[in-house]
Each structure stands twice: as structure tokens, then as C-alpha cells.
Amino acid sequence: MSTERERREILIATIADLLDGIRHVAVGASSPIPAAGAMLLRARNELCGKPPVRISILGSQAHNFFTNGGVELFDCAAQGRVDAFFLGGGQIDGHGNINLVGTGDYPTTSVRWPGSFGSAYLYHLIPRVILFREEHSPRVFVPQVDFVSARAITPEIPRRGGPHALLTNMALFDFDREAGGFSLRSVHPPFTPADIRENTGFAYQEPDVVRETPRPDAATLALLRGRIFDELAETYPAFARTMKQAA
Amino acid sequence: MTEIVALEALAARVTPGQSLAIPVDGSGVAMAATAALLETGIRDLKLICVPISGMQADLLIGAGRIASIETSAVSLGEAGAAPRFTAGVKNGAFTMRDSTCPAIYAGLLAAQKGVPFMPIAGIIGSDLLNVRPDWQVIDSPVGEARKVVVVPAISPDVALFHTPEADRAGNVRIGRHRELADLAYASKRTLVTVERIVDRNLLDSEDSAAGVLPSLYVDSIAVATGGAWPLALWDEYPADEAEIARYAAMARSEDGFRAYLSAFLTHRKQVA
Amino acid sequence: MTEIVALEALAARVTPGQSLAIPVDGSGVAMAATAALLETGIRDLKLICVPISGMQADLLIGAGRIASIETSAVSLGEAGAAPRFTAGVKNGAFTMRDSTCPAIYAGLLAAQKGVPFMPIAGIIGSDLLNVRPDWQVIDSPVGEARKVVVVPAISPDVALFHTPEADRAGNVRIGRHRELADLAYASKRTLVTVERIVDRNLLDSEDSAAGVLPSLYVDSIAVATGGAWPLALWDEYPADEAEIARYAAMARSEDGFRAYLSAFLTHRKQVA
Amino acid sequence: MSTERERREILIATIADLLDGIRHVAVGASSPIPAAGAMLLRARNELCGKPPVRISILGSQAHNFFTNGGVELFDCAAQGRVDAFFLGGGQIDGHGNINLVGTGDYPTTSVRWPGSFGSAYLYHLIPRVILFREEHSPRVFVPQVDFVSARAITPEIPRRGGPHALLTNMALFDFDREAGGFSLRSVHPPFTPADIRENTGFAYQEPDVVRETPRPDAATLALLRGRIFDELAETYPAFARTMKQAA
């Protein structure tokens, strides 16, 4: 249980680092770990006197700065007023493309997922899209997605948006928009680069020496286990309770 | 002018073969009206989810009432995949029109503006463009020279949703949920269920007027207490997560779904 | 985040050569800020009236501060024609970009949506299409086959308007005047003057939130009591019809306009 | 003074008749006579148990059913939810085209009017547009407008909107969309068909026998001078006061 908590804490702290420098991050519904990461950054910036961070959480009342209905997030992104967002995928390929629709032949796919949501649009418009998928397996990380819900790179048209990093239960990858692929940045303890190679179905760049993803320091953990999980409880009570209990 | 009718009469305004637009969970889903609609024997609905749906779409799909669905996703959220949707897609039980959230809003906006199409940012490179031949990529005819996706207008025959209150003139409080107004503007007919009818005129004060969908866009209103149950209604009541999880479990099988549906309809009649 | 500054500092955020979007009379015209703006020595403004203007545009025109104007009309309403506008058009004192109200909204909407253009109903057959080569008539690329006018996006550098109140976080109450939100969404920077700053958070209750432009879209706020005078501000105060009529009479001549302008600027400084 | 009141009363009653059968009429700002006509129809329908009439007056708080800002009237018209509207014109020609921009060579027109407002759009979309221009002179009613702010007929594209009638201080004309021109329906007393011919710069159809525009009957006058001017006072206090004082 404590391991599960530590796993989540590394993810949350990593997300806070990935978001550093942004002014406005939007978080989808049912995304407690991204939301906690965003809240950690907000608290940290506030404590260091750095610029404030605005967090929009879809479906939340308290973290809702929108007054123009469901379309406002999308308009806001088109206006360049959203700096970061999170996307997942039933499949994610080595080109950064994501599949939220299903596997096999469309439309009577053998596995069907809910659908593309806003991905096809937001991937073009939000500069720092963090791909967040906890399950790290060859089933998820494939050479080529069966259906491109959202494409990572479209050289034929200018765009400000696209993937920034890929964070999983095992590792953190950077995305290189020029090269159009991922490179391994760090591996979460206790995993090794070999574990990553074994569980990743697509090719990626691997540095000679692979760093370990840093564990959150004591100050970060104190902030996380206190204020952040309290703040999180408003939107994700069950998740916050579990994290608190594990402490 | 807006009629205020019984829930059954409201449901009877929807006829087989019509396109029916419904909002996202939490925005104000008319679940009681959906039960009443199922009781009418409705069939061949062309469902338009604005921009996604959950249990409401899954019930209509499982009961075999839809001919097609246009949506950006169908999901039970925390409770996981929507079982009848997933099964139906695999069986080809209905025509699937996959979309992406802002494209649904863009289509409705075109109808709101009385234009045949709407341009929309992004999307280029997505396989959605392959499975939606009604969408195109064009060179912008004016302004900045760039490629842009265009989608056709979406003009639903009927919009159906649930909100906390309406006044006797037919003005409906939608608060910040302006997606409900987007639905009504674009639709030929708008049916609304409410928790209660209030005596004051909602347009009377500037403050309350800002959150109102005027009766001009509202054809029929029916009272349905707890009308979004088991889904959430704003700050009125939260989702009944246990009930939704129970649905998710039962609806995994065809038989389980039938049993749930039967109990759901019975429950609705008892509440009414 | 939104800054709360003095009126002079707010006016100084507008720089020569920028495009400046302003709302229709009665919606919330920032007249006090216009006086402050005139004092900065601003010039070469590209004025965008959403969708028409009156005395505000006429003052800026008469003072020789605009390079171009895009508008559907300039008129003092009950007080008649806008004298400096009328004279300026005849002299070719600025570039005139005649429009029609919904085309201005359509251009702003394109900017709001991040698309290069927007289709719009009607207009075909109007000579506006001849004098606006940046507008085109195209065959709809998808959906219903028909001809439709397309207009380019309008992305103002600055939006400037006046409303009754803002909170300390920079949320601005706009009530039903959603055209003010349309302005802010489309503009790169939004400057707002208010009658007062309130201590409560305007987004806190669902009812008041519905009529709020979130601080996300608001760059600078300044307090300007009576900031729309002599124009009306919603239900806060009516237009000072006598003052507007006085302006209309004096501004008929260049000298009369100079005298009015000088007194107007002096009056504003005394109020501040 | 009483003559001036009678002139206005005929216009108001004629407008109420022209609006018969509509559900929603929009009235521009500064249009007390069209507003009074709409209010007269509304009151009459209410008294006879006929369907209710909705009146939107731009710039009015009490007659404002809109909650989506300045664009809502235009959207509403595009949706087919506005049945009638009023337009004027610095020039109106025999084809029903209107000019709100100016005379002479554009853009440095010799006479400049405020501008086209929403006319270019609304003329296409509102089925029953009533052209209302009090001044009846060859200067206003010209063979061909110098600038077409809004065109009455566009055979190349389908449209639901366009001119329905032209009402002036002297006469009422019907507009024939097939023929693309006006025909004289009636002449307000004390004018004669010859007066109309003399003061109209465009060609129009004239029946062999030209009717007189009916004066409002006693019941209509009572309604007008009582309830309607009271209702009107909220939006047009000065106009309503003048009409009341003249009575």
C-alpha cells in the first residue's frame, strides 16, 4: 500500500515538474493524479512567489473558471489561453499518435473504447500536452496505432500544440517534435531501462546513461501529504482519502 | 409559446426516426424523460451526444431504440466503459458517427447561425477525417491562408435536457451550463424537464436573467423531481455512483441489461 | 493575472497603431477611459465598432486619432448623425470599412474559435461585398449545397469597455451583455473600467457566475465612477440625452468640436 | 397637433394590421411607431384570444427576451424565430433595395448616413420585413439606390426573408416578390394617388381604383390612446407623452 502511494507520489511530483512555467493548465474529468500535480505546482509557485497558476478541472465546480458552457475550454485553447493539458490513449504509438477509439477494423472494432473526446482538436492547440498513461505495456505502446484519434505532428500545417512528454508507471519520455519520436528521460525506481525496453512496443531514443526519476524531496512530500491532498479532496474525495490513509 | 405538460406528454413529442440531441452527464441529463421516452416505444432515433454521453445513451442503445449515434465518446466515467455501446459497436447494431467534442459544438453552432457549415481548428491528421466523409479540409477562402477543417451543420429535430427550474412563462434556468442553450438554439424543438416550476419571472432581474434560456427556445416543459437520477444535477444533487456502478455491472450481459431496464422503468413509474 | 490599476495606467496600455474594439452604446462604453486615452496622445488607431458606435467613435475621429474604422454604423441615435464621422468620411480622413452588424460578430467569433474565417447567412446582393474585397461568396464545401458569404477573422489588439463591477480576482460582471465576452474572447488584450470593485468573488454562486466574464480574459481593470457618461450603463444610469444633444450640436463645426473636446477632457479630470 | 397625432395613429394601426398572424416581431432602437403597432397587435390578439405576440425591442430592458448578447437577434433570425422586422433607408428604390450608407461615389459619399446596420443580413432572413420611412419624397424613393446596403431579391439563392410592404406618411405599398416591385395598396387621407405619383421617384403598380387607408376604428383608438401609449411610455416616454397630450 505504501508502495502504491509512493508510485503515485512520484507521478504527481513529476507532473508538477513537467508543468513548470505554465500559467493555465486544464485537467480532464477523472484525473486525480494530473490534478494533484497541477495543484502541487500551484502551491509551490505560491510559496516561492512565482507567477500564479490557474487550474481548470472539467466537471469541477470549485475549479471552474468558465462561464460559457462546454465549448469554452475548446475556444480557450484555440485562443492560446491554455498552456498544458493531459491526454491518454488505449494505444499510443512511437510517433506520438493516440488512439481512443479501438483496435481492429473500424467501425466494428474488436476492442472499442469510448471515443476520441476532444483529443483530435486539443492536440493541435495546446503547447504542452502531457501524455499520461499508467499502464506501461506493449499492448498500449505500439509501433502504429490502429486508429489515429489525434495526430502528434502534421508538418503540412503550422500548429502550436502537441505532445511534450509521456509519463507512465515506469518511466518518463520526452517527445522530440523535430524527430517525431520519444526519448527516454528517466526511469522510476525500482524499474530499469531493460524493463522499459521490454514493455514498450515502439522504438525510442535511449541515452547511454539513463537517470532515475527523482523521488519527491521532503518538502514536496510534506506539501503533498498535507495541503495538496486536502485541496484534492474537494474534487476527488475517494482518491484523496486513500492517499491520506496510506500515509 | 411554451407548454407545460406531464412527463408522458413531453416524451410523446419525440417521434420515431427523429434526431435527438442530449447533453453530457452532469450538465442536466433528462433521465426520467428517457424512461418515459422508452415507454412510448420510440425507435430509430438518431442520437446526437453533445458532446459525449453515458448511461442515457447506453440505455437507449441497449433497448434497441437508436438507428445511429453521433458522439465524441460514450462512457460511464468512473464506472468504466458503457457496455451496451461497446457491444453495439462491435455488432454493428447502429450507424456509428465518431466525432470530437468541439466538432459537435461547431455543427450545432452552424445551425444556430443558419449557415450550412462551420470551420474548426485542429483535427487535421486524425483518422476521424477518413471515417467522416461529410467533413472536409479546405484552404481558407479569406483571411489567413491555411488549411482548415469544415464540418456540416447539425440541426437536431429535438433537444432534450433537465435543469433545476423554469418559470411559468417557460424561461429555463441554465446557469453557467450554456451548452444547454447551444443545444436549444440549434434544435427545431426543445423539451425540458425541471425539478420545479417557480412563480417568479426568471428574466426579471439582470442577475438571474444572465443564466436563463428564454422561453422563445423552449417548446415543452414537464416537472420531473430527481429527473437526472442516477446522474448528477449541478449543485442540486450528486451522481448516485453506486447505482451507476450497479448498472455498469448488470449491463455487461444482455440479460442483465434487460433486468436493469425493467427495474429502472418500474422505479421511474413509482417515483412519478 | 488581472492587474487593477489607475485609469491613466489602463489607458496607457493602448499603443499607437493598435486595433481597438469597442461596444455599442448602452452595452458598456468606456467613455472615461476614452478621455484618458485621448490624453495619452494616442494615434493611428484601427477602430472596430462592435457592431456600431456613437459618440465614442465620433470623439476619437474628431480628435484625429484613428487611421481606419470598421463598423456597421456610427450614429448618435436620438441625437442624430455623428458629425465628425460624417465629415471624416467625406474628407477621406480615415479608411472606411463598412460592415453589417452580424458580420462584425462573425469575424470576432472566428477569432474566438481560432479559425481564419467564418461563414455568415444573408448579405448576398449587398454592395458591401463590392467594397469589402476581404469578404467572399463561396459554395458551401460540405452540408447543404448553397452559396454563403465568408468573412475573415477579426482579432483586435485591444478590447475596451465599461461595466458596473469587478471582483478583486479580476472577474467582471457582464450580466446579459454577452457581446462584451465576445469582444474579450476575440481580443489579444482586454481593458475594463468599472463603477466599483466588490469584495465578494463573483464566480462563487452559480447565479452570479452566469453573468461573469472570468478574469482569464481580463488584463487590466481601472475604477471609473460614472465611466460611461454621458452614455447609459444598463440599469445603473440612463444616457444624459441633453449632453449628447449638446455634443451633436457643437460637433457640427470643427471649432465647436474642439471646444467640446477640451471641456470634456477637463470635466473628466475634475471627476477623477 | 391633432392632425399629427392622427397621422401617427393611422401608421400605428396600419402596422398592427401588417403584422397580423406573426408570433415574434423585433423592433429596432428609436422606433416608437413600429413598437406601438406591435403593441397594438399584441393587445388586440390578447383581447380576442388569438395567439400571443412576442415583441423584442432592441435596447429595451422590459422588452428584451435575449440573454446571449448583441448577436442573439441575428442568430434568432437565422433560426427562423423572428417573423417580422422594420427597416428604413436614406434611399429605397423600386426594386425594394435599400441604402443606409450614402449618396454619390463610395467611399467619399456626398451625403453619408450612419451605415448598413444589420440590414444586409436581416433582409434575407426575416419573412415579413416592413419598410417604414415617414418622409415620402422623390429624394428617398429613387429609381435605383446609389449603394445597395441590402438587396430585396436574389433569385440566384433561396431565401425566406425580404420586403413585405412599404409604409410612408402618404401611402401603403405591397411588395410583389415575383414581380420584384411595389404596388400601391392605399393612400392615407388627405392624400390622393396623384400626390403619390408626384412624390415617388420609382415606378410602381397602381390599381384602377385606389383605396383610402382606413382610419383606426373607435375601439382601436381607445386601446391605442389608453393601454398602448401607457405600455409605450416605458421605452419611449417622450413619444408617449406627446401622443397622450395631443389626445
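A, B, C and D are the chain letters, set down in written order, and residue numbers restart from 1 in every chain.
Rule of thumb we're sticking to: contacts are C-beta pairs under 8 Å (C-beta built on N, C-alpha and C of every residue); 3 or more make two chains touch, one makes a residue touch a chain.
Being a predicted model, the structure only gives us computed values, none of them experimental.
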item: Set of chains whose contacts include both chain D and chain B; value: C
item: Chain A and chain D: spacing of chain centres that average the CA atoms, whole Å; value: 59
item: Between chain C and chain D, centroid-to-centroid distance (C-alpha), Å; value: 29
item: Computed distance of Cα centres, chain C from chain B, in Å; value: 37
item: Chain B residues counted as touching two or more neighbouring chains; value: 113-115, 120-121, 146, 176, 181, 209-211, 235
item: Junction residues of chain A, two or more chains touched; value: 64, 66-68, 78, 125
item: Those chain pairs that satisfy the touch definition; value: A-B, A-C, B-C, B-D, C-D
item: In the complex, chain C residues that touch chain D; value: 23-24, 26-27, 50-52, 71-75, 77-78, 81-82, 85-86, 89-92, 96, 98-103, 105, 109, 120-128, 131, 146-147, 176-182, 234-235
item: Residues of chain C touching chain A in the complex; value: 1, 111-115, 181, 185, 203, 209-217
item: Touching residues on chain D, where the partner in the complex is chain B; value: 24, 51-52, 54, 64-68, 75-81, 125
item: Chain C-touching residues of chain D, taken from the complex the two chains share; value: 29-30, 59, 61, 64, 66-71, 74, 78, 100-102, 106-110, 112-125, 147-151, 153-154, 156-159, 161
item: Sites on chain C touched by chain B in the complex; value: 106, 110, 113-121, 134-136, 138, 140-146, 148, 150-153, 174-176, 206-211, 234-235
